[in-house]
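Take a look at the structures below.
Each of the two complexes below includes chain A, the first together with chain B, the second together with chain C.
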Partner chain A sequence: MTSSPPSLGASVSVSPGVRIKRMLLGGGPLVVLLLLLIFFTFASDTFANPGNISVLLTQLSILLVLGVGLTFVILLGSIDLSAEGVMASSSLVFVLLATNDRNDFQFGILAALAGVLTGSLFGLVNGILHVRLGIPSFMVTLGMGAVGIGIATVLFGGRAPQLLDQGLRSLGVDKVFGVSKLVFLAALVLVIAVLIQRYTRVGRYGYVIGGDEPIARLSGINIKKYKIYSFVLSGTGSGLAGVMAATQLGVGDPTIGLGFLFPAITAVVLGGTLLIGGRGGVLRTLVGAAIITVLANGLILIGVSIYIQTAVQGLVIVIAVVASGWSLRRRVRVIK
Partner chain B sequence: MSFSRHTGQSTRRRLVTSAAVFTVAAMALVGCSSAPEDASAGATGAAADVEIVESVRSLSNSYHANWVAGGQLFADSIDKELVVITDEADSQKQLSGIKALAASGKIYALNVDPNTSSDTEAIVRAVTDAGGYVVTQWNKPDDLNPWDVGDHWVAHISFDGTVSGKEVSAKLFDAMGNEGGIIAIQGILDNTSSKQRYQGLEAALAEAPGIELLDQQTANWSRSEALTVTQTLLAKHGDAVKGIWAANDEMALGALEAVKAAGLEGQIPIIGFDAVPQALEAIQSGTSGFVATVSSDAFWQGGAALSLAYKAAIGEIKVSDLSHDERAFYGKQIIVTPDNVGDFLSTPAISDLQADFDDPFGRSQGPIN
Partner chain C sequence: MSAPVLQVKNLTKSFKGVVALNDVSFEVRRHEVVGLIGENGAGKSTLLKILSGIYQPDSGEILRNGKKIVFRTVKESAAAGIGMVHQEQSLVTSVTVAENILLGAEGDAVVGGIYNWKVLNRKAQKQLDKIGSPISPTAGVEDLTFAQRQMVELAKALGVEEYTADEPVIVLDEPSSVLEGDELEVLFAQIDRLRQIASVVFVSHRLDEVLRVSDRVYILKDGVCVAERNPETADTDELHRLMVGRESSAEFYREGDQKSVVGADVLLKVDGLSRQKAFSDVSFDVRKGEVVGIAGVLGSGREELTRVLFGAEGCDSGTILLDGTSVRFSSPVGAVAAGFGYIPAERRIEGIAQSMSVQENIFLADSRPVSVGPFMMVNKARQVADEWISRLRIRTPSRNTNINNLSGGNQQKVVLAKWLNSPRLKVLILDHPTRGLDVGAKEDVYTFIRALCDQGIGIVLLADTLEETIALSHSIIVMRDGEIQRRFDAAPGQKPLPVDLVEQMV
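What follows is the complex of A and B.
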């Protein structure tokens, strides 16, 4: 799960036993997750119930899709802060093109696709502005996020359009094998992301570029192209997250993504992907997102006072980051 | 002023120019001065020169969109352009937007929903310095009142969430047959309205021995967060949850989606506050379980309060003659149930609100302090 991806910095030929030992000694994020799972299982009667596990998986799904997309950009050493704006726009594009209470469009699954592609388009613009005009990704994506909210506000027009397409609505509401359909969608996204990361140039070069951009450039890699691709992947993830949230809430809404951005970034970093890039991966993001989801759910179940919940959450995350980064602390790394 | 810039000109030219500049300046003073030095004099403007302005968080929520629609109705009723400032919940942006109003040099009448209580003082002082007239709503520090600052802070309007919170909670309990457990979802914990509404719930609980508060959480006014929190609480308490109390409609609608996804739609009564359109439709449908909400009438808030600021700006209302009760008062709130929901589903016409534009105090429910 948390083994380093094969492309950089990892010795490919370690035996599983050594790997596990390393992970335990290093206190990997997976250990933190396991400890949390064990703790909450004993501390709460309901935590490990099938009902709550289903809830946990549902709550994990949107955050995971968002975090997985974001991972590709963070691996470059860049950042994408546009998620909330992109989710807003994509949710509205989606709902307004599907059967809704505002207009007569009913493009069904194509509407969902349009929502996702809205995100891809945002990613493309982010990437082009960042790479071609040389604007720091932080500024570009922050700005484009605001543009996303703005577009969504115009489309919103004072009240949230409701999604009336029952088939699409069922994606967010109905369950298969006891868990929300969104969970299967998120799992599919994860698998695709792992394949992209391992077997495509976008994925592999991402590590090289994030690890040392000048070397990547000297090796003849078309850095600009692959950076733009990574931003498109991130935008696509946000777009899909917006569509998923819309099927779940039944509306397109400019505020639909509020409160998702920082948990998503935290999920990526907590999983062990470095903000300076070059090291990490989407499976690590799964662990990071799971920690955040379990924590938020578990603290409510064991009845921690709402006045200190956020503080406890923050504290556990800081401890988790320290613990999971313990083995790396002596390596010469620049922390920015 | 710009007198010294004309050094290259003949004395006579300069005199003429100076006279012209002086005349313009004098006219400005008579007409609609917004110069800081005469703000204390309480200058008011001719109706034609007064700008009317709404400052709200954002147009991306129905509540503030309705608020601005109400302001537009008032603007139409006096045949004026409405200026709208939005800040996307950024307090600094709100303040700088309001400060920028002074640049036009016109007197302005401002109706503002300050982002937080701590923003209010900076806003009213900026307006006072610019010689504008402002009515604030919802948020202000308890110990700061309009008369402490001066005549340019015309009034503060709020809504007593304790009273409406108790009434609407009683509706929830009725729908539950006055028996069973409820979960409560609060807004941002240090917001006055969230606190008051929750106090209203507590007051209602004290009178309803059959109702048990199983759990209370915050979802920060957000629909998405409320969905997540409700999912978790339903998993935690299971069948014991017989009702859901949410401190606003957005969260109530998020909770409703969680209830739907759990296959319990219609079986768990839900209440909210603010009367956003989708909540009204859910109440009207009668099958969703959404049983009641509270309306402070955003159209009234946007229109009547702006009318009050405008009347002060054109001198029709003399602020110094207003009593303290008129300068910090609670507006009227209405409990919306399936019985009266029809009245709230459509945008009002100017005629519906004209009486309130003429008498902005008409819906006062008494002083705040």
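What follows is the complex of A and C.
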């Protein structure tokens, strides 16, 4: 071997300016969350009470499970709008198979599993229709969401079936260490999601496909397969969210998911997962979901009318999208 | 002697009737660097896409160590030990170096869909070590410089070695086009290193580089492999001639077609034009049929000047007289109506409407020649579009083809047609009209510039190189720091030298 080639600098170094900027951009949502927590703690006497914190965490849990599932799809640059319909179907499948006042089924925990798998099945259909038929994901999932509501309405049959399985009901209403059992379930889901994202093909290829699909294709990756998997993850999240909501309310109901979709998407985007895909992650969704929950709870406590809360939430998502777009613009400039 | 590591035999491929490759054959021998040159549209990228399994040839075969192989997918090509470093960088910036290097080929680093990061990083490190790169496998690609990313690409391409018992063939597609100076030296050092462990196909349009690194050079022209040369005995002039099929000389710029404009009417008179922080007190005339070249370094204000002339930006003071009438534009709409045309440097962004057909692009600026009132006469439009396509020799399957499917040179011809088609055109502003075009397309553009002059159209030119400025212009303005530094007469037979201009520019 002859002389060694000239080197381009020993290692990768990022200038401190860029690093600080990135930290602020990446940690931005966290800073917002902390500021909100501080603000509401001082603005309201009851916000920081253990009782209210328990309420906050419970409210957060279902939103988090939904948002975490959704994150996998949004990372692809796609979207899943079927959550409300999927929650409706899964809640009814679950309640009608568990001990209930409508039929004699008593499948217990298997009923819950069936509810969750209902969601997975919806995700599978979403994914297959999207990638095999090449229909835009928003259209497919919007349609499948309506199908979900429809199926739920048929199962509903005019009167909400009551969940009578005491063990499962306890999941939604009873507390351990002062917080709802649902909170622990949501935490477990988050941990599993982080592991999927860090250590599995579905997780890693999600970043690759969302980041640059043509390159993924050139590398011989089966894009369709991993996209379908991601939709299954999202559907599973929605299914579980439906089951969780049913244990909380004690009924299966076609309207059980109403009002969850918008905050869930907001949570993902607010956390910093780009709608165009490639960047973000489930931990960021935790921060986003927390911001939304704190905002909703805090605004009520300081006396803001519930009627303008929807408007505030809408404003927040627009601002979040603009802000994420800004950071992307800056990033492009830094690279080129 | 043993069989060549890679041999391409009689490869033919056509797209919708346009022949991209015609009976191309070449071979790569062990530990050899083979140069592959050709103009845009000569078939280089088609050939590479066949080699990497993206396209299937219509006929012909590929042999690896004498054995016939067929690639149906990218993976099969990689499995045969052919690694590709693409022209457009093919790294995913949102994940790590290691993930990129082993993308789609993680092997035992991913078992049952589960990542073992330790193994993954170790495998990536092994590839990086092969090229002696100090880049960390755990680094995020977005943190790397362009040159560093290219090293990662190289390491990735070398990864195909893992699939075959044999030494890999690494194909470098225009690897030097975005590198300069030191970075280029690093690349050449890498190629020398590669030569010890692999065979290399080096595709480039920089002829001097090809001569420097290659053991043998193949020349592609119009989809045909026209020659094979030994760099020891060939020079860039010869390669250029083979590649273009025409003599390379002063006639390249069509200087013989340049006509004197002495005594011609003044078409455009710019007087005391100023724009804050860009340029001040700029005055010059453009006569009918005259090319006025504006030279200057970045920041000299010449880009801003042309944008003001075209109405894309406003000016603070001064006057613009077109045919003796004072004009001032608040937007390009007014400028186009008055008879200005603009061919922008950023062709893809500003010059063409990407999702539209060739015909639609031709009538983008002015559809009146083929319209009655608000209605476009479909048959007339088709006829005129076809006329332009044949007159400008635009290589396209049809007028309805999406402009994205054309090569850069042909796209630029469509942009030219767009303005030539407008009967009101008086002054054409050319902002780097030959940027990114191959030699042949450049010559076509030069021919049209001369033809436009013959029609009495005035041209303001910002050229790619000083040679181009000098050769094409009748007179040259040198700008520095927003002011006109000096004017040169560049009439046929009395051209200034590049060094004269440079003195005034910096």
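Just so we're on the same page, the second predicted complex is superposed on the first by the 279 of 336 C-alpha atoms of A that agree within 3 Å, B and C clash if a C-alpha of one lies under 4 Å from a C-alpha of the other, contacts with A are read in each partner's own complex, and residues count from 1 in each chain.
Rule of thumb we're sticking to: a contact is a pair of C-beta atoms (placed from the backbone, for glycine too) under 8 Å apart; a residue touches a chain by one contact, two chains touch by 3 or more.
Given the structure is predicted, the values throughout are model-derived calculations rather than measurements.
Look at A:270: by the touch rule set out above, it reaches neither chain B nor chain C. Contact with chain C, but none with chain B, is seen for A:212 once the two complexes are overlaid on the shared chain. Looking at the shared chain after the overlay, A:258 reaches chain B, while chain C stays out of its contact range. By the document's definition of touching, of the two partners only chain B reaches A:51; chain C does not. Legend: residue contacts after superposition of the two complexes on their common chain; A:202 is shown touching chain C, with no touch to chain B. Between chain B and chain C, more residues of chain A are touched by B. By the document's definition of touching, of the two partners only chain B reaches A:248; chain C does not. Those residues of chain B that touch chain A in the shared complex are 58-62, 65-66, 69, 88, 186, 189, 215-218, 220, 222-225, 227-229, 231-236, 238, 250, 253-254, 257, 260-261, 276-278.
Chain C makes touch with chain A in their complex at residues 52, 54, 73-75, 78, 86, 90-95, 99, 103-105, 110, 113-115, 117, 132, 134-136, 139, 142-145, 147-148, 151, 182-183, 185-186, 189-190, 192-193, 196. Listed in rising order, the residues of chain A touching chain B in the complex are 44, 46, 49, 51-52, 54-55, 58-59, 88, 146, 149, 152-153, 156-160, 162, 172-175, 180, 245, 248-251, 253-260, 296-297, 300-301, 303, 306-307.
Chain A meets chain C in the complex at residues 1-2, 4-12, 14, 198-202, 204, 207-208, 210-212, 215-221, 278-279, 331, 335.
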